[in-house]
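Quick heads-up: structures coming right below.
Next, two complexes with subunit A in common: one pairs it with subunit B, the other with subunit C.
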Partner chain A sequence: MSEKSTRRQFIEGSCRVLGLVTVGGAAGLLTQRTSANAVYQVDPFKCTTCDLCRTSCVLSHSAVKAVNDFEKCGYCMLCPAYMDVLSKPDERGIPTGKVCPQDALKRRVVGKVDAEDPNNNYYEYVVDEALCDGCGKCVKACMAPAGNGSLRLEIRYSRCVECNECAIQIACPDRAIVRVATPGMAPAGPAR
Partner chain B sequence: MEPTDRETTPVSVRDRIWKAWLPGVAAVGALAALVAGSLRLRPTPRAAPPRPQPAGTPGPAGQAAAPAQPVRGLARTYAQSAVIGGAASPDRFLRSLTGIAFGAAELVYVLGDDEIRAFESRGIRVRSWRAPEHAGCLAAGPDGRVYVGSPDRVDIYDAGGAHVTGFTAGEKDKPADVTAVAVFGTDILVADASARIVRRFGLDGTPRGLIGNQNKTGGFILPNRSLDVGVDGRGVVYATDTGRHQVTAWALDGTPLGKFGKFGMSAPEDFVGCCNPVNLALTPDGKVVTGEKMVARVKVYEPDGTLLAVIGPEHFDPSTTHIHLAVDSRGRILAADPVRREVKIFSLNQSPQERDRP
Partner chain C sequence: MRNGWNLESARTRYLCLLLLVLAALASGVLSAQYQKKPPDFGGTYSFPTPTHPEPRADWVRTLDVAMLAAGLGLAAWIVLNRRSRDGTVLLSIGAIAYFGFYRKGCICPIGAIQNVTLSLADSRYMISFGVIAFFFLPLVATLLFGRVFCGGVCPLGAIQDLVLLRPVKVPEKLDRALGWLPYVYLGLAVWFAGWGLHLTLGTWQIQMGRRFLICEWDPFIGLFRVSGPFHMLAIGVAFIAGGMFVGRPYCRWLCPYGGLLAILSRVSWKKVEITPGKETDCGLCAGACPFGAIQHLRAEQASCLACARCYMSCPQELERRGIPAGDAALIQVQRP
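Showing the complex of A and B:
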């Protein structure tokens, strides 16, 4: 015949179970957050290029950089992400100002070069990541309908220090910093 | 010697404290930490200060803002007179609107929702039929036939919607990206944005030549991968050269006849942004009608580039990347907005003397 348990014994047992479940859950949550198979990334469909990526990252030079999708890029002569189309034009009518305050967007002529008429050339636009601070001004200027939308912001894994809680994610008003599962494709991460 | 408290405490009580109460205390602590973590006050985001922008130029999200004042002092003005397929219409387009043409029997043909719909001028649907897969543009001939362009193909339908014939527009290993079709007599002109040229075919699909490869770059500059083509009553072919911000004119044999247009963000006759004009059409009296993105507007030019009229961005969705155009026999401009999925009809405002003229 089994002994009837007292109220104290019941409470003790419940506390044990609850404690183990909570500690286990918390450990699982932390393990998931720090897992190397998931990374923080910018969702380009939610991002509104508010400039908080530049100012909120724990790094002095943000891990967020602009990248150009060459498949979508129009190789424009009058690239609205490169030139400030509202700035004063030169004698040929080409705007003289640049959009990027860091001058991080570089361009070069690709293919056959026409030195006489720049309208006949195609230009390749590349982001100098050493200069880019992730302000997103070029991304905003390239958005449709002004441009093709080939530029977007990305967290560069070579720079990201994988904080347990991303400071940009906390600050982002558009919830554009998302945790992306990368099973088997863990980034190398920065040299520490 | 008096025994210490430690010695007097029964072992069973110490065990009870370690084994029973400690997990409970840990649980409460962990729960409190989790709750505190989730309820932590988030910093208020600091919005970037807005950059001052002059009226009529791209807005904060890269979208066009309506100009503060309409352009005045131009030779012509247009007023909106009707809408086809608007939100209140039983024929509204629910998913897409990608092309428009004006054809025989005063019918307006609109491509959208995977259908070709024929409307009479008052906006009443006359008939409709299923469009080819991925169809993106159309033209209508004076014989009542309808020419529908889809990737690498042109299909021809009779006035009743029956499929007559069709042909492949590209070359072997170089499929065409058909973005516009125009018809003149027995010539079908097909804009191929992939090859950056206009291809000329006979009614049976026989290649007759190329237009646009006679310039320095061997084709148009198309950053937005879109090429529009139109032909006037004399057989002069007009095509958009968006990267150069020009409208170009060609003979049917490919001889360049002229061009007009340049980039500019302030003068109304200039074309804004990276790549404009994106669409064009021709009026019965030989004027060139253009559609622009970034500042979504329609403009009417003389063939020499003199600006005649501006239909402002207040009529179109600011985020649209195309305004598909056609002109009816009375010179009314039919402008299809693919974002709002409606066709607006603009009539020329005439003076009383002009209206009374027979």
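Showing the complex of A and C:
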């Protein structure tokens, strides 16, 4: 009985050591291949604003939001990303429809205000992230030549849950969701 | 052959290149006319900087790994040394709070199977230290202490463990047959994570790229995030409802990582033993185990989920702790 149990113990022990060595070796092998920590981000040059960012994220309210780069924004009164330029104009000739289905793109008058003629004013455009669902309609409308390309889609790390594999990346037809290392990842690229 | 318009001659190539550069410059100038410069506000307005929320800092990622390691150590101590069900319940609640609701179920060792496979199959794929640690630490813990990861650290297991109200005994044959499913799922998950499916049968084709099946069909992650696609939430609710009467169905019959741990736990250094060396073979523990893990009156390592329910059903354990055994002692007396 005791002899049998010692033999069994010996076999179990060897298997255990073998297992530990294998596990340790595989972990060591993989560590050589790592590149620190990585996050997902939208490559604005590849993105075609196909709307899949809105629907593919594992969160029901996507982690992708539109972001306005103020340095590139023209502060226009007739912003093609804010108002639907083809919609019915009001009595002053300003289109009444809006591009954003969620009304998430907000604007306010900045600089010297001309109360008489709204066409003379500059407007600051800010995306309300609580409303934005990442559909990218404003980004598309802001592309050249109509716009400056100051709006772009971005994965917001305050919302992203860092899935093992990004569901949007799988869905993206343009391969625009890229994996980048965390240091120096700021996605502030030039306008397209 | 004439020298003038031969495309291969160096001069023509330079000419073409020059034309291309000129065309590019011209288009640049044309498009620049459409670009509206930001207005000059004359110092009355300062441009706001767009916010870019930082990703999780490296030390927070390290904290995840530290929490996992601490959880594994704590689980081993509670189950093997303290032999306390209350401790396991507390640890489970902690795991659901941290790995479940705070970390929103990502990263987890179950999903890390796919990251590890993909990085082995494709050298361009980036894998982070955190994922490596999450995949390998529970494996090491299992070789040392058995499936303590399942017992109190895995948030998916913990949530099923806590909703278990009235365990129904599953027929042993069915239990064993379903026990093969984790390996089928593991094979599928590994295959899809590393290679995807590319099948051609005559004119009929299936083309599916790499997919992380385990993550796409994870039952509880949607509940932890309180959002997600309908199918995930529906499966989650179904598993919770079923898990009230059947002990931890996902862990026993689907979890691919559980399949891996079951193999490793067979040779673990320490094991769950209810009353080592003092068994009375009364069989009370087998009735207390909701997972059918007590076979032939002993805990079977491969299917034992280290939940610590069995200890308090044992008259010997009660005697050791000096607790009046009550009904358990009566039953023991009645037996010859």
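Heads up, the rule we're going with is that the second predicted complex is superposed on the first by the 147 of 192 C-alpha atoms of A that agree within 3 Å, B and C clash if a C-alpha of one lies under 4 Å from a C-alpha of the other, contacts with A are read in each partner's own complex, and residues count from 1 in each chain.
Keep in mind that, in the parts below, a contact is a pair of C-beta atoms (placed from the backbone, for glycine too) under 8 Å apart; a residue touches a chain by one contact, two chains touch by 3 or more.
Everything quoted here is computed from the prediction, not taken from an experiment.
Peer 1: So, does A:43 touch the first partner subunit B, the second partner subunit C, both, or neither?
Peer 2: Touch status of A:43: no partner.
Peer 1: If you stack the two complexes on chain A, which partner ends up touching A:164: first (subunit B), second (subunit C), both, or neither?
Peer 2: Only subunit C is touched by A:164; subunit B is not.
Peer 1: Mind working out whether A:128 is in touch with subunit B, subunit C, both or neither, as first, second, both or neither?
Peer 2: In the superposed model, A:128 contacts neither subunit B nor subunit C.
Peer 1: In the superposed arrangement, which partner chain does A:12 touch: subunit B (first), subunit C (second), both, or neither?
Peer 2: both
Peer 1: In this superposed model, does subunit C or subunit B come into contact with more residues of subunit A?
Peer 2: Result: the larger residue contact count on subunit A belongs to C.
Peer 1: Pick one for A:71: touches subunit B only (first), subunit C only (second), both, or neither.
Peer 2: second
Peer 1: Who does A:156 touch here: subunit B (first), subunit C (second), both, or neither?
Peer 2: The answer is second: A:156 touches subunit C but not subunit B.
Peer 1: On subunit A, which stretch or stretches are contacted by subunit B in one complex as well as by subunit C in the other?
Peer 2: 12, 15-16, 19-20, 23, 26, 74-76, 112, 122, 144-146, 148, 170
Peer 1: How about subunit C: which of its residues touch subunit A in the complex?
Peer 2: Per the stated touch rule, the residues are 31, 34-39, 41-42, 44-45, 47-56, 58, 61, 104-108, 111-112, 114-116, 118-120, 123, 126-132, 135-136, 139-140, 143, 209-212, 215-216, 221, 225, 227-229, 232, 264, 266-269.
Peer 1: Name, in rising order, each residue of subunit A that touches subunit B in their complex.
Peer 2: 12, 15-16, 18-23, 26, 29, 48, 50-52, 55, 74-80, 85-86, 89, 93-95, 112, 114, 117, 119-120, 122, 140-148, 170-173
Peer 1: Under the touch definition given earlier, write down the residues of subunit A that touch subunit C in their complex.
Peer 2: Contacts found on subunit A: 12-13, 15-16, 19-20, 23-24, 26-27, 30-31, 33-39, 58-61, 67-76, 110-112, 122, 124, 126, 144-146, 148, 154, 156-158, 160-165, 167, 170, 179, 181-182, 185-188.
Peer 1: List the residues on subunit B that touch subunit A in their complex, please.
Peer 2: 16, 19-27, 30-31, 33-34, 42-43, 45-48, 53-54, 57-58, 60-64, 216-217, 221-225, 243-245, 262-265, 272-275, 293-294, 296, 318-321
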